[in-house]
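There are two complexes below, and they share chain A, which is joined by chain B in the first and by chain C in the second.
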Partner chain A sequence: MAFRSLIKLQKVLLPLNTISRSISIMPLKCGRFRSSEYFQGSEHHPDVEVIKNPPEWKYVEHLIGKKLIPQPECKTEYSSGWQPQDPEKYKDLSYFIKRTRNYMLPVYLRITYRGNRRITFIKYIEGDIWKLEQECIDLIKSKTNNNPQYSQINEMNRTIKIKGDYVTLIQKYLYSKGL
Partner chain B sequence: MASVKHTTEKALQMLRSLPRVCLANIKDNPKAKKPSKRGRGQHGGDWHGNGQKRWTVLRLGYECSNSPFYLRFKYEPYYQGHHLKRQYPPVTLKMLQLLIETNRIDTSRPIDVASLCSTGLINLCPDQKHFGFQLTDEGADCFKSKVNIEVQHASELVIAAIEKNGGVIRTAYYDQHSLHALKDPKKFFEKGVPIPRRMIPPQDAIEYYTNPKNRGYLADPEAVSKERLVLAQKYGYELPKIESDPSYEMLNETKDPRQIFYGLDPGLVISLRDKCFIKAKE
Partner chain C sequence: MLKNIINSFIKIPSTRLFVTAPTASIVTQSSSLSNALERYKSPLVTEPREVWLENLETEETQRLGLMALHPEVFADTPRIDIVQRNVHWQRLYKFVSFAHTKTRAEKRGGGRKPWPQKGTGRARHGSIRSPIFKNGGRCHGPRSPTVHFYMLPFWTRLRGLTSTLSIKLAQDDLHFVNDLEIPTDDSQFIKNLVEKRNWGPSVLIVDDNDIMPQNISIATDSINYVNLMPVYGLNVYSMLKHDTVVFTKAAAERIQEKILFHLNRIDANRLEKKFKLNQ
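Right, the complex of A and B next:
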């Protein structure tokens, strides 16, 4: 089917663009060093024309992309679940969590021992780390039948570790707090 | 009797002319080592464990009457040719929506491999048989963007989710050389080589990319627009009219089957420093 249908297709594609004329099934020539031709001198190079400031330069600029991480635009609704920080909401809190350079919440899942140990890891905490930890534990307890929860605070590094996978739960809670 | 020397003096003179004692010229005293003798008696000459055959060297893999390891298990070619199969790393619809909302992808331009790679958050390794991205259906309900996207593989639900929001999706094949150029266009332009032509898909991929149900780039455009309507009826949504859309020009933008970059023809050499194209005269 394959090649026959392509030949049929060629008829359809041909009027689309002039480049389609070049569709041909050919093996790669001069693909290797040994099979390639010897250098004949620069006078044997094809004639070239240099087009300065072409109108298609905008396509090159699109391809090269941005050097810096762009700031997210403010929207009324975010359907992916992500939310920007809201100073109106978090200004009364005694703690603060800095966003990462990609404007994401620094809440991670650490999987070790072949998936047997799952730890929720929160970074970049400023202010009252003990209060944030207590709030997270209370939140998890309310969702897990008041089961005992295990956590660890590293006050020096400003990080919290909580045993278990509660990344989405904590992220949603922090978004609701405006962080 | 001056010529007659004392024995001690002779020995000392000899010792002076001899080389110094070192590891190279010392050896054991004679008869200090006893060579081992072949055993006598019932099993004296046997090579224990190797049966009656006293071969000097056993053949490779032979385990002396055990079934050899290389024949012990059946041949189970589950992974035969896995190193040749094309891989398509997944990009979920949720991830795409997040990239759009955090301003990492510009929806006013068509999205392709280059724009996904330029976010710096998704990695593609063409040398590890990655032939582009597949768009998967995670987050199909929360996807709310109007995009013109070109991926390498997409399921029916993904196509429906994109077309429901008034977008356009197309599946297209890129060979590994094109993907290397698309992965980092700046690096490719700096090499100063002409933009190559995109190869046509291999024989086993042509069927996928000519199928209008997969929105293949080689499919008949009329058949594709018919399949858009069929899918809208199947999933029960009203197909937004692209023709009356204000961004119709963007949604209708496509690449030629032999083109790698949008708007740039194969054969061009791009000079980033002088901001010019170098083109061969016909």
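Right, the complex of A and C next:
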């Protein structure tokens, strides 16, 4: 506001040649692109060097990011407790659990009714789903003073639900089976 | 002060350096799809599904070779509930209901109180178009046009494709041909071919390209039960509608690559956001 009134004032005070100059800075409001020169043809611009496969390209690549989920690095032990699948261990099992696309075990905790209902949920099960469920129930029973355990099998969706929070227990069991 | 402002507008000479992107390094990322292929190590599901590659040049089937298909795409658990949800969605998203009823305000007349409030011995009423009147307006009736558009979650759509492909393959309704070149543009040739190969009452032919070869386009144009479709148009409804689905080799490879990419893509959480119409 103050700036515009200043220019109005200068229209009166300044001689003609400086008026045009002072008006040319009006683009404070119109946008900066008006203040730059128009394109005069590529011959007036500095030369551009075209480089193929420069050493700096790896930094650009780093910014672009990966398209697919990378495979985990091969280590003997992982600090998070995560373990890769071990074909030597699970090859004789009659069931199989597919890892998720992030290489994690598909064992989840579902909390509903404001934390009152906790359900352990296993999915991506292939093969003998009944045997896996029985093994999980036996495992939980051995840890919980032989209390009765409740579970549900959805054969079509290939999922198991077990009442209670036994996610870590089942994950460790599945890791020990090489799944 | 003015001088300072003018100085701030002085153009800084541009020091640009164009760097052309080496495309090869991006392309190599797609080769890690083969890593995704190796992800299945289970003895239960490792085996890729092998199918015969057939030809279309003759009416009789000639087997040209074997083709391996990825089990995650063509041997997925057949989730018929997900297939049903896909079909329901495909029916509904383009459906607009034109059922319409008039409310008491839109009905003709009814502005006058039919009889006095008191003294007649009859029930009190203010309008003859009230919903409890015969020929009265309808309250909460259907209003036209009602749009039934909704979006199915991305993973349900993807899983619908893999489920349907797997169901079709398991039921021997999926056939793979090398290309769509046929010797004539006579529709009788296609009719005989479908008859001899036992392809059933309807056939969907899926190609990689949306510009099909001339002969098969002309030959199938007059047959209503043989339809052509580019691979980007592949959907659950059409696959179920047609008895047999015929893929060209290129189309099968393309759909397999696309689905495997989505199953292994790193920015999958972007797909789980709420669908916006104006995105």
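The rule we apply is simple: the second predicted complex is superposed on the first by the 121 of 179 C-alpha atoms of A that agree within 3 Å, B and C clash if a C-alpha of one lies under 4 Å from a C-alpha of the other, contacts with A are read in each partner's own complex, and residues count from 1 in each chain.
Methods note: a residue touches a chain if its C-beta (ideal position, glycine included) is under 8 Å from a C-beta of that chain, and two chains touch if they have at least 3 such contacts.
Just so we're clear, the structure is a prediction, and the values are computed from it rather than from any experiment.
In the superposition on chain A, contact of A:Pro148 is made with neither chain B nor chain C. In the superposition on chain A, A:Leu63 makes contact with chain B only, not with chain C.
Contacts of A:Gly41 after superposition on the shared chain: neither chain B nor chain C is touched. Look at A:Tyr90: by the touch rule set out above, it reaches chain C but stays clear of chain B.
Of the two partner chains placed by the overlay, neither chain B nor chain C lies in contact with A:Gly115. In the overlay built on the shared chain, the residue A:Lys75 is in contact with chain B alone; chain C does not reach it. By the touch criterion defined above, A:Lys52 reaches both chain B and chain C. Chain A uses residues 22, 25, 46, 48-54, 56-57, 60, 64-66, 69-71 to touch chain B in one structure and chain C in the other. The touching residues of chain C, when paired with chain A in their complex, are 2, 5-6, 9, 11, 13-22, 25-26, 29-30, 32-33, 35-36, 39-45, 77, 79-81, 261, 263-266, 268. Every residue of chain B that touches chain A in the complex is listed here, in rising order: 94, 97-98, 101-104, 106, 109, 114-115, 118, 121, 139, 142-144, 185-186, 189, 197, 200, 203-204, 206-207, 210, 218, 220, 256-259, 261-266, 269-270, 272, 274-281.
Of all residues in chain A, those touching chain C in their complex are 21-22, 25, 28, 35-37, 45-46, 48-54, 56-57, 60-61, 64-71, 85, 87, 90-91, 95-96, 98-99, 101, 126-127, 156-158. By the touch rule above, chain A contacts chain B in their complex via residues 1-3, 5-6, 9, 12-13, 16-17, 19-20, 22-23, 25, 46-54, 56-60, 62-66, 69-73, 75, 78-82, 102-103.
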